[in-house]
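The structure follows.
Order of writing sets the labels: A, B and C. Residues in every chain begin at 1.
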Amino acid sequence: MVKRVLFATLLAATSTPALTQTVDEKLDQLDARITRLEDLDQIERVQRTYGYFVDKGQWTQLSELFAEDATLEIGGKGLFLGKKRVLEYMQTAFGPDGAKPNVLANHMQFQTLPDVSPDGTTGWLRGRAFVMSNAGWGLPLYEDEFVKEDGVWKFKRLTGPFTMYTSWEGWGKNALNNTWPDKFDPPPDLPPSTIYLTYPAYFIIPFHYPNPVTGKAFLPDKDDVGAYHRPPGTPEQAEALKVGRPAYGDQPIAEPPRN
Amino acid sequence: MVKRVLFATLLAATSTPALTQTVDEKLDQLDARITRLEDLDQIERVQRTYGYFVDKGQWTQLSELFAEDATLEIGGKGLFLGKKRVLEYMQTAFGPDGAKPNVLANHMQFQTLPDVSPDGTTGWLRGRAFVMSNAGWGLPLYEDEFVKEDGVWKFKRLTGPFTMYTSWEGWGKNALNNTWPDKFDPPPDLPPSTIYLTYPAYFIIPFHYPNPVTGKAFLPDKDDVGAYHRPPGTPEQAEALKVGRPAYGDQPIAEPPRN
Amino acid sequence: MVKRVLFATLLAATSTPALTQTVDEKLDQLDARITRLEDLDQIERVQRTYGYFVDKGQWTQLSELFAEDATLEIGGKGLFLGKKRVLEYMQTAFGPDGAKPNVLANHMQFQTLPDVSPDGTTGWLRGRAFVMSNAGWGLPLYEDEFVKEDGVWKFKRLTGPFTMYTSWEGWGKNALNNTWPDKFDPPPDLPPSTIYLTYPAYFIIPFHYPNPVTGKAFLPDKDDVGAYHRPPGTPEQAEALKVGRPAYGDQPIAEPPRN
C-alpha cells in the first residue's frame, strides 16, 4: 500500500505541468479522474449487492459477483477457491437458492471504504455488516479485493472475519468467541489464512489503505487472538480454542498460508 | 431494466469512436459522466435526508422532498397519492411537526444503491433502514423512484415494505409478521400494491437494477408471503393474516393494482 | 448555509454561458466539478476511518485525522482544543493505544451527508454511528467540519452528541438520559457548547445543510432538552439533570459559549 501511494505521488510529480499541457492531455487526466470515481462507485455497488443477495439466499446470483479464480473466506472457516466453490459452499451450508419462511439472514452492509490501483484494474474495499439472522447476530468486517475484467468489477477475494457473534438474548452475556466453522459442511479447500477469535477476544484485520491524512500504512499490534488451527475434533484443537495463537499484524490478508 | 442496460450498451457502441472525436464531443461525454455521478450523489442525499427528517418528526420538511404527484407506500398500508397526502399521512399518524419527549423514531439509512436513467431524468434507489423507535424495532427495505425537476431530484415514489418488526424485548421470540397498518389513521388512497407478511414470512421486493456483473435482471422467486388483502375487520382478513397470498415476483413494484 | 447556496447560485448565473465558453473554460469547470466529487469522497473517508480507528483503540492514528487546531466534543463532555488534547482525551479516558481482550468499542459509521464550500477549503458532514461497546449501546449523531490543508482533508471540528444510550439488557427500559460525562477524566478545555439530554429527552443537532429540494435552511424547534450546565456534584446540577434547560435551535453548533 505504501508502495502504491508512493507510485501515485511519483506519477503526479513527473507528469507534465498543467500550464504546458495540451487540451488532449487535460482531457485524458479528467477522464482518468472520472473513471476512478466511477470505479469506486462500482466497487461499493458489488459489495452492497452481495449483502442484498445473502439476505434472500440468492446464491447463484451471488456467485456471479465473483471472478472465476476468486477466493472466499468467511468467519474463520478457511478458503474456498473459485466461483464454483463459492456457490457450492453457499448452497451446501445454507440450502438451495431462495428465501425461506422462518429464515432471516440479513447481511446489512455499510461503512464502505473503496480504493482503486493507479492502473485501474485492482480494487479494495473495507466494509462491515450487521448480520441479523434467526440463528443469531454477528458483526463481520470485510477486507475485499476486486478485479476489473472486460470493464466489469468483480470480487477477486472476499475476506470476512467476525468481530462478534451472539444469540438474540443478551449481547453482553452470550457472545461466542468461536463460531466453530468446522462443524458444518462443506470443508474448505485451504485452511484459514488467519487464525483468530471473536469478542471477548479480538482481531484487527489489516487495513488495505493507509491513514488518509498521513499516508502511513497501518501496522496492527500483535496479540494472542486465535484458535481453529488444529484438526477439528482433536484434543489439540480443543486446547487451541482456549489458548489462541499469535496473529501477527504483518501477515498478509487472506493469502494462502505458505505450506 | 434489461432494456435500459441494452439501450446504454447500444449508445456506447454507436457513438463516435474516441480517436476521431472532436474536443467538443469529448467535453460533452465527460460532462455527461460527471453529471451522472452528481445525480447518484444527490439521489442518495435525498434518501438519507428523509431518514434524518423522520428521526425528528420534521413532516413538512419531509413532504417537501416529494414531487407534487409522488406516491408513498410504507409497511403494507397502501398508497398515498401526492405530496399533500404524504404530509397528511405523517401528521395524522405520527402527530404534529417536531421531536417530542419520550419519542424515539430513528430511521437510520444505509446500503444505498442509486441509479439514473440514460436521459438523466429518472432515478432509482435500493436502500434500507434500521428503525429504532420507542414503539419497536423494524427493518424497512426501500425501492424508491426519483425524478429530476428543474435540476432538482425529488422522490417520485417511496416504497418501503418491512423485512422484520419486533418489540424491544427479544428479537427472536417477538417478531410480528403483520404490523396491521389498517389499525391506525389515515386510510390510504389506494390499497397496497403488494401484499406481504414480514418475518417469519418473507417478501423479496424486486430489484430495480440488474446483477452488476452479468447485467441480468433479478427475477425473485414466488411464494406465499402475503396478508392484508381483505377488508379490515372481516373474517376474510383474519383468515388472510394466517394463510397469506402469493406475491408473484414479476408483479410491478408499487404500481397500483389493476382493479 | 442559505448564504452559501445563494452564493453558488449567483456564481452559476453570472458565469460565461456554455455556448460561448472557450475550451479552457469548459475544462476548468469540469475540473472543478470532479474536484468537488473527490472532496466529498475524501471527507466521507476521513469520517469512516475515524470509526474504524475507534473500534480498535488506535488513538494516535485517530488523532492524526485532526488538524492542529481542531476541536472535539463528544457525548456532552465539553470541548477539547487541538490535536494533542484529542489524543490525551482518548488515551486518558479509554486507555493506551491498541485493542484489548474483553473490550468491544465498535463505532459503526453510516448515513453520511458530506458537503464542500464553493472555494473547496471547508467541508461538513452529517453522519451517525451505532455504537456497540461492552459498556453499552449508543447512537451518536455527528455534525462535523473539515478543512483541506495542503490538499489533505482533516477534521476541523468533531461534534457528536448522543441520541440514545443504554445497557445491553433492554433498550426500552434502561435508556440513560444522561451519560454523566463529568464523571471520568480528563476534564475538557471548555464547557459543552450545547447542553442536552438523550432519550427519553431529545436534542436536534442543527443541520449544516439546507433541505436538498427547497434549499431552505433547517430551523430546529425549541424545547426543554438539556442538563449538565451546573458544576458537577452540586445540588444545582442534580436539579438540572431533572428539569433540563432550553437548547435553542438557533445556537451555533459547537461554538464555545459566549461567556
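Going forward, a contact is a pair of C-beta atoms (placed from the backbone, for glycine too) under 8 Å apart; a residue touches a chain by one contact, two chains touch by 3 or more.
Note that the coordinates shown come from a computational prediction; the quantities given were computed from them, not determined experimentally.
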item: Interface sides of subunit A and subunit B: same vs different residues, half threshold; value: different
item: Superposition rotation for subunit B onto subunit C, Cα-based, multiple of 5°; value: 120
item: Distance from subunit B to subunit A - Cα centre to Cα centre, in angstrom; value: 28
item: In subunit C, residues with contacts to at least two other chains; value: 23, 27, 30, 34, 37, 110, 130
item: Touching residues (chain side subunit A, partner subunit C) in the complex; value: 23, 26-27, 30, 33-34, 37, 40, 110-113, 126, 128, 130, 139, 163-164, 170-173, 199-202, 204, 207, 211-214, 218, 220-221, 223
item: Residue ranges of subunit A touching subunit B (in the complex, touch as defined); value: 23-24, 27, 30-31, 34, 37-38, 41-42, 45-46, 48-49, 51-52, 55-56, 58, 61, 64-65, 97-104, 106, 108-110, 130, 132, 134, 152-154, 167-169
